[in-house]
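Each of the next two complexes has chain A plus one other chain: chain B in the first, chain C in the second.
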Partner chain A sequence: MKRNSVVFLLALCPLIPVSSHFAYALLISGAFLFYFVSGIFFRFVISKINPGSSSFYFELAALAVSATFFYQFSAFFFPVLTVSLDIYYFLAAFSYVLLLSIDYYAVQGFSFLPVFRFIPILLIFSLCRELIGTGGISLPVMHGFWEIHLLPGFSVWGSGFWNTTAGSFILLGFMTWIVKSCNRYLSGRDRT
Partner chain B sequence: MSTVHLIFLYTFSCSSLLLYGIGLEKTFFESRPRGLLYKRLPILTLELFVSVLAAQFLVKEVLIPHSFLFLIPVSILCIAGFFQTVSKVLRKDTSYSPPGERLMFLGSIFLAVFESTGYADTLLISSASLFSFGLWTVLLSSIRERIDTSRLQADWNGTPIVLVCLGLLSIILHATDVSWWIQEFVR
Partner chain C sequence: MNVAVKNSLIKYGFLVLFFVCLAILLGLAHYLSGTGADNRLKTGIETMLTETYSTAIILEEKITVHNAGWTFLEAWKSGKETVLALRVTGTSGPYTGVFVYDGVGSTNFAGILGSDNSDASTRGLSQYTITVWENRITSLVQNGADSQ
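Up next is the complex of A and B:
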């Protein structure tokens, strides 16, 4: 339980700006997965070379190379979205969630990996935010977004506020409250 | 854009913390009672200024003229890592930087280099990032202190209410963009 809330908290940093569209969240989730797999691979390679105390810096450099590679890949297939996401591709490569996951994998294997909990949180949150804020969801395509309108009558009752930074904080606050309340209810029921 | 306007913009309405999410998790942790960043802030400021100037020089004078655009992010990361390592060696500090701080440091350098057009702008944007970070940490720790002594419903306590407060503060700071007297002031 404690771990869940910590992961939720750590997920905050990149969550707010890149979760305004579901399409962004999909690409960033792909980036996280790619960095995680390449991070594990590079850690294995670096441990074989055994550069001593500087191995941490070699790992960071390897993550930077992975980020550049993913950036080039994304710029080729999704050039419009990559313009908005460029800085986040590089920030994601050094995020706490990712580095912690690589460390946990080296020690415990697949038993607890924050990145696998962070990605669903990011996707669900961006989906809710875009749905409430725009009345639809967007998917990444080569020339930008492919927007699918799902909620009829959004122009009458909808509000774009939830798609702003302020709205996302308040929405995240409500979601955290719901998660806490549910956990408290479930733990109370288990005791009885 | 005037100096004051630039600092104002990157501290409040276009804050690196709120608009870009850079350093947000660090602010969240530092606003707790035992935050330690303020002790490290002078060193961090010095490292940031030296790194952004070096990164801006490399990008502006070498990488852009020779069309090595794909090398910009990696070279910024290498410069940031290099100056942090040099600083640690000079201070004989053997501890690792916390990841949240590293992210904030790198993010501020990226933002300053990507958004600026000259060396002065780079320094101003990185100063505004630090100022924004300090301001938000102070505001958030005051909010936490007030919440700790209030009789709030248990499920709202902690992260949920802090997030809602962040949202409300964000609305207040973005109000500078739409209020007529600020528009008159910066005109």
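Up next is the complex of A and C:
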């Protein structure tokens, strides 16, 4: 479990800028799901053709195609946010979490898929980060963000620090500590 | 032709066919979505610039900024000016920044696109970051921006 936590934490690091807005996290989560499903499909097709030791590289090429496809879909519906997120769509397609999930699915089905743990973490983290750092949450719409201000008086007492990269690392530390404490408490209760 | 060679040819033939199908799908997706996506982005930029400068700004044809890379794909002519929308990353994540090159020798940051608050300083973008982008755009556009 310790190793899994480290993997998730490292996987989140390149996506720290993306977690600054809930709208971004929603789009990236959609991208992850799309890549995962298309990755399974590509693995199935390529394993049927069986090109030998180069299978992995053909799968990566096919994943690049699916990233481009998602990019075009996103550019059509969310053109403004796609300019901000373009490079992250392609980073996500080759992330360790995704490739590991496709591998696990091929071996043991749905029993353990890191991508299904990673997506809720990303969504919850970005939601907390944006709420604490901007006083509201944003949703993706055609002309950019739809910003919903939830915390009254944020402009007076709020601090934008929590939406910065430094603040987000501290928040991530807090969240990891809370999750670990809960796990420890629950495992201790189960033993007694 | 022996059996092994024949099997290899069939196998790699299917692989090529598979990637050709993917390329066709991708081309089709680009054909169906490309113009619509560009028009929506263009409309968003025009609205934002019109609000910022209090005068109607119309973007004309899309242009290519040579030797500039992927980041500079969204660029349009507007009279003698060049308008660019690109990803600028500050301490609070990436945003779509709009820059206007005046056609003479300087670039100005017009604001952040797609947000209620287009003020860069409240979005983690420092003046230094903006100046770096402005200088970079000036040198790139001066060196070559052609109509597509």
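The criterion applied here is as follows: the second predicted complex is superposed on the first by the 182 of 192 C-alpha atoms of A that agree within 3 Å, B and C clash if a C-alpha of one lies under 4 Å from a C-alpha of the other, contacts with A are read in each partner's own complex, and residues count from 1 in each chain.
In this section, a residue touches a chain if its C-beta (ideal position, glycine included) is under 8 Å from a C-beta of that chain, and two chains touch if they have at least 3 such contacts.
Just so it is clear, the model here is predicted, and its values are computed rather than measured.
Undergrad: Once the shared chain is lined up, is A:122 touching chain B (first), chain C (second), both, or neither of them?
TA: neither
Undergrad: Please work out whether A:137 is in contact with chain B alone, chain C alone, both, or neither, and reply first, second, both or neither.
TA: A:137 contacts neither chain B nor chain C.
Undergrad: Quick one: is A:113 in contact with chain B, with chain C, with both, or with neither? Answer first, second, both or neither.
TA: In the superposition, A:113 touches no partner, neither chain B nor chain C.
Undergrad: Contact-wise, after the overlay, does A:102 reach chain B, chain C, both or neither (first, second, both, neither)?
TA: In the superposition, A:102 contacts neither chain B nor chain C.
Undergrad: Taking the superposition on A as described, I'd like to know which of chain B and chain C A:181 touches: first, second, both or neither.
TA: first
Undergrad: State whether A:94 touches chain B only (first), chain C only (second), both chains, or neither.
TA: first
Undergrad: Of the two partner chains, chain B (first) and chain C (second), which one does A:20 touch, if any: first, second, both, or neither?
TA: It touches chain C, and chain B stays clear.
Undergrad: Examine A:62 and indicate which partner it touches, taking first as chain B and second as chain C; both and neither are also allowed.
TA: second
Undergrad: Let me test your reading of the model: by the given contact rule, A:172 touches which partner, first (chain B), second (chain C), both or neither?
TA: After superposition on chain A, A:172 lies in contact with chain B alone.
Undergrad: Can you pull the chain A residues that chain B and chain C both touch?
TA: Touching chain B and chain C on chain A: residues 17-18, 61, 65, 68, 72, 86-87, 164-166.
Undergrad: Per the contact definition, I'd like the list of chain A residues that touch chain C in the complex.
TA: Its residues touching chain C are 17-21, 24, 45-46, 49-51, 58, 61-62, 65, 68-69, 72-73, 75-76, 79-88, 133, 142-145, 147, 160, 163-166.
Undergrad: Which bits of chain C are touching chain A when the two form their complex?
TA: Result: residues 11-12, 14-15, 18-19, 22-23, 25-26, 29-30, 33-34, 36-38, 40-41, 44, 47, 70, 74, 85-87, 89, 91-96, 113-116, 122, 124 of chain C touch chain A.
Undergrad: Under the stated contact criterion, what part of chain A meets chain B in this complex?
TA: The contact residues of chain A facing chain B are 5, 8-10, 12-18, 56-57, 60-61, 64-65, 67-68, 71-72, 86-87, 90-91, 94-96, 99-100, 164-170, 172-174, 176-177, 180-181, 184.
Undergrad: Please output the residues of chain B touching chain A within their complex, sorted ascending.
TA: 18-25, 28, 70, 73-74, 77-78, 81, 85, 96, 99-100, 102-103, 106-107, 110-111, 114, 154-156, 158-164, 166-168, 170-171, 174
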